[in-house]
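Right after this note come the structures.
The following pair of complexes shares a single chain, chain A, combined with chain B in the former and chain C in the latter.
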Partner chain A sequence: MKRRNFLKACLIGGTTIALGKTNKGYASGSFEGYPEAMGVLVDTTRCIGCRSCEAACNKEQKLPEPDTSFDDPAVFEHDRRPTSKAYTVVNRYQKEQPSGPVYRKVQCNHCNEPACLTSCFVNAYTKTQEGAVIYNSKVCVGCRNCMIACPFNAPGYDYDSATNPIVKKCILCYDTRLKYGKPPACVEICPQEALTFGHRADLIKLAHERIRATPERYVDHVYGEKEVGGTSWLYLAPVGFDKLGFDTTLSNDPIISNVKDFLGMVPMVLSIWPALFSGIHLLCKNQEHGEHGHETESNQEDTKP
Partner chain B sequence: MKKMIQHGLAIVDSPYDEDGKKRTLVNKLLLGLTPSQYLLQAFRNPFNWILAAIFAIGIPILIGRFFFGLAWATSGSNDYPWGLFLGFGLFAMVPLSSSGFQLGTACEIFGRHDLEPIERLALLNGLLGYFFAVMYLLADLGQPWRLPYPMVVSFGPAAVLFLVAWHVATYLSVQVAEVSTAFFEWIGFPAGKRGVRKITLGLTVSGIILSTLHQGALGALFTYAPGKVHPLWYSSSFQWLHFFVSSLPGGLCMVITVSTIAAKTMAWRGDSRFREKLDKVTVSLAKGACMGIATYITIKLIAIAHDNKWAYLDTGWGQWFMLEIIVGFMLPLTLMTYGVHTRKMAIVRLGAFMTVFGVVLNRVNTAMITFNWKLPHREIPPWREVIISLTIFATYIVVYRFILYRLPILYKWRQQEQEETVPEAVPAPALGRREASSIPVASYSSMTKLD
Partner chain C sequence: MSSYKHLIVAALSIGAISVSSPAALQCAPVPDSITLNQNGKLFSPFTFNHAKHIQSIKECADCHHHTTGTLVLDPNCARCHQNSSPTAVVSCKGCHSATPFSPETLAAKRADKQRYHLDKMGLKGAMHQNCIGCHNKVGNGPTGCQDCHPRTKEGAAFYSTNRKGAKPAHAEEE
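== the complex of A and B ==
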């Protein structure tokens, strides 16, 4: 009777978890972003590398003073990435080309189906209706799995803090601006109008419109339209995106789709293993063994080869 | 200890001492020695001096990590968030601890009672490996005091890590229950032992489920990072299978390794059953491990063929990959197969050591060395990170040895109480074995006169 109860419990529990898992896992795969999601279109052909977006972000997010000033062009010597002290950075590419260098602003791309969100075991990330991917530092355990998962290497971590280290990344100025329908600080300050704020759906149309109007100016691709299921930040570029440090090997499927093989296997193991192994046990037991292996062990020892 | 036993010390293996008096807990803890004798034998062991040196340097640095933050102790960078603590401590310790569920399954489910002399060692190896993997995790987490959050505060059930957290936590409690029978025997609480034994089958089956899932889940964690792990170590379809299957020989070979070390360094603690059956049991484990390795190599090749990654083998990374596969898996497979056939135990054991090395190398490769392989620089762990990892591992060894010295893991506890509580049990074999044992016996009082 005990065993039967155990099996029953296993099956019920397994099925419950199985249903919960598959619903979540598969439903999220077809998620293509909230219809009203906002976004930013970055036209790298317009950016002059003035870094005023970096300065505006620093001020808006109350980040610490940078090591070198925002006017110092020396920072372009090396590729930089967003950190816990700078949510956005501008890098320079194609400097040797006669057409002049190309600048690219890097920050969290606010994916429609963020890998940081789906990989987080305490659900610290939220994709808001407005399109921003925000982070709840109150529940973060500090496992840094989101940094492993992010295909754009966006989140930075407070390694220096011993008491409250948290993940820091661009949140599209959600708390101070986006929530109230205002564009992020970097977009507002951009003197070249290289950054355009708007509904993501409109921005995609706008981007393709620009490519159609001046095809010689752009490569025919909007980065972020489809990559990893689409991102709220979209990019236009004059040369191949791989030459601007973009990862062009990313699949159009969201990151979570790589994990689905495994997530789908979980309910199988939960539901099949108890029956399978209890069955094997019953088979083995009926052959020659008693109810409790340990008690009969002294007799068994001699019969085994 | 060997010297003390030569002088006629009785080994603690029953609730009663040689005068028939019930042993106190302190007496059991001190292995039947007086405090001064106990200290004497501890000081005489050169290994203890090495451990003391590691702790003297390591513990202050470990404490420092919690005061000065991760940046002070680890390489902790944004591009390589996981260093030695997880790469070695979590990802390598967990597969080496899969022994618990495997031997549990073999003995309790498949009825392989001939493997029982090693079952408790395998269960303990599982429990301690998991426990210390969690210790490494605590050292690595930014906010370790929030470790229970995924269980009680905030749930992210779609995340693989959520599965890992829940399964490791529940499996740890399963393993505590499985090992507790030895503890109950030792402290003299037969009711507890009987209680656990009633649910042994349930515990064992949950052990298989939880192990399959989270050994696989650790591999599935890397499927969140396609393109970051080098393609030869990455496979979105097979990653969990790679981790799960390689954990099988990893755990079995770890038991061979540990039992070899125990038989060499603490022969006095194993009873005649353990000593006589060890070679035979090792052969059985090695056979199982060989099947595991063969399966692992096969699915590894299938994964390369499945994604058509043959071209990568002709690169520097490919050579490193081949080295891991050949030295860590193919060579040990050959050695163990040869050793099993010719009954050359030294070769079987060498193969087992190499498999342990291969599994560790595979995990470190996946989590650290080949991670972010497209980035120009590789992360080399700074000295504080190495020392902390070493310190936690030394603690693991100390705890392991502490338990093996005392609890009936390698020997059978002569449990007189059992006669009263389980009338079916025949006390005769236990008594017979005791008389047959060649261990010299002397009274506790005569021992004290020696010093």
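== the complex of A and C ==
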């Protein structure tokens, strides 16, 4: 069992035990995100694995030099996931197939109902109306709840930095581009237009239209249209999504429906415990001072108008 | 604004070839070569051998769709363009925008409710998919990035080429 899944199972299991039931009444799979939200449609049938998108992301987000060059095919030997030094990575699948390998770009999918956001008790995450899920390093306490909660393994943790920012992930180039209506750097550089930028609602129509027009090219599914309540990044694929490393076991309900109960307890613990401790502290103090403390208190009460 | 932004936007603008009137079409000067990627900074410009491609492909419509005098081959295009007259501009950039995702282009697309070609590719995408797609299919054309346009010094820096072969630290931490 992968560590992440184990932790997730603990979260969900713990919740069930703690409350004796799962509260399905919270489930809210209907939220469509912001109506004007932007997004990116990734057509894996167009991607040639050139990794220009990785290089563009690296420059745009001022990330450190890569471990190995952006044209080194050796990286395809392993499955990679986004890290604090690379907000996006391209992986290769189906390489034994006669039809040739399929490449898939991975990054934060910018969920309509982000599990990272709801799992964060200091509100470090924001879903902007443009569709981006952005992150405020100033308030992050580094608890890494978001890393456990994210169904797509997106947030990376900066182990090298003792100070902020701690969690790092794709922000859809929010500060430098999206805010001004411009496409993210990876989309702009892609030579194959494997990445299409636009309004999320339009992209969904476009994706289904591509499937309709060339059904032999695609499996009939747009990944991200419904998964975990929908995401701003959408994918088209020539073969089953499970063959391209996608988690096809995710439900259409937002992740939050599973973990809300537990997550709701986090702030409760944080807010109740200090009160509890100060209560005990006060009690002890009063006992130390004995009768005197109580007399003062009652005197004060008596003098109230 | 970082320096590479313009160049990506401006990358791959095609050397202009415009045929001024449909009447002149059949005898219009067809360029033998076209310089591509003139404004790009990461890759050097290259000379596309148009004459050679005319020789080997013969059907203008393979690349130019319905814009030239030749028959429309794609059955999907033929539905509307079987009888449409040749267009004034036949170069790729005549139809494929160099900035397909700019706020202006997106807004224009949204405003035009009658538009049929909603999924029209941008210039860079159209050319690469056309070139690489055909080269793959025919099996004898270059398909690697630098087979057509070698990187410039700026491009080498952009792709951190000097770090080639460095041991990749794979991020699988599980």
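Just so it is clear, the second predicted complex is superposed on the first by the 227 of 305 C-alpha atoms of A that agree within 3 Å, B and C clash if a C-alpha of one lies under 4 Å from a C-alpha of the other, contacts with A are read in each partner's own complex, and residues count from 1 in each chain.
Definition applied: contacts are C-beta pairs under 8 Å (C-beta built on N, C-alpha and C of every residue); 3 or more make two chains touch, one makes a residue touch a chain.
Keep in mind it's a predicted model, so treat the numbers as computed, not measured.
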Can A:Glu36 be said to touch chain B (first), chain C (second), both, or neither?
neither
Which holds for A:Asp72: it touches chain B only (first), chain C only (second), both, or neither?
second
Considering only the touch criterion stated at the top, classify A:Glu188 as touching first (chain B), second (chain C), both, or neither.
second
Looking at the overlay, what does A:Ser119 touch: chain B (first), chain C (second), both, or neither?
first
Which holds for A:Ala213: it touches chain B only (first), chain C only (second), both, or neither?
second
Residues of chain A touched by chain B versus by chain C: which partner has the larger set?
B
Just to be sure I read the superposition right, which of the two partners does A:Ile48 touch: chain B = first, chain C = second, or both, or neither?
second
Could you look at A:Asp242 and tell me whether it touches chain B, chain C, both or neither (first, second, both, neither)?
neither
Partner chain in contact with A:Ile255 - chain B first, chain C second, else both or neither:
first
Should A:Met147 be classified as contacting the first partner (chain B), the second (chain C), both, or neither?
first
Looking at chain A, which of its residues have contacts with both chain B and chain C?
2-3, 81-83, 156
Tell me, which parts of chain C touch chain A in their complex?
2, 4-5, 8-9, 76, 100-103, 106, 109-110, 118-119, 121-122, 124-126, 128-129, 132, 145, 158-172, 174
Write out the stretch or stretches of chain B touching chain A in their complex.
66-72, 74, 76-79, 81-82, 105, 107-114, 116, 140-144, 146-147, 149-150, 153-165, 197-198, 200-202, 204-205, 208-209, 212-213, 216-217, 219-228, 236-237, 239-240, 422, 424-426, 429
Residue set of chain A touching chain B in the complex reads 2-3, 6, 10, 20-21, 24-25, 28, 81-84, 115, 118-124, 136, 139-145, 147-149, 151, 153, 155-162, 164-166, 247, 249-251, 255-256, 258-259, 261-263, 265-266, 269-270, 273-274, 277-278, 280-281, 284-285, 287-289, 292-298, 300-301, 304-305
Sites on chain A touched by chain C in the complex:
2-4, 46, 48, 50, 52, 55-56, 58-60, 65-72, 74-75, 78-83, 86, 89, 156, 180-183, 185, 187-193, 196-199, 202, 205-206, 209-210, 213
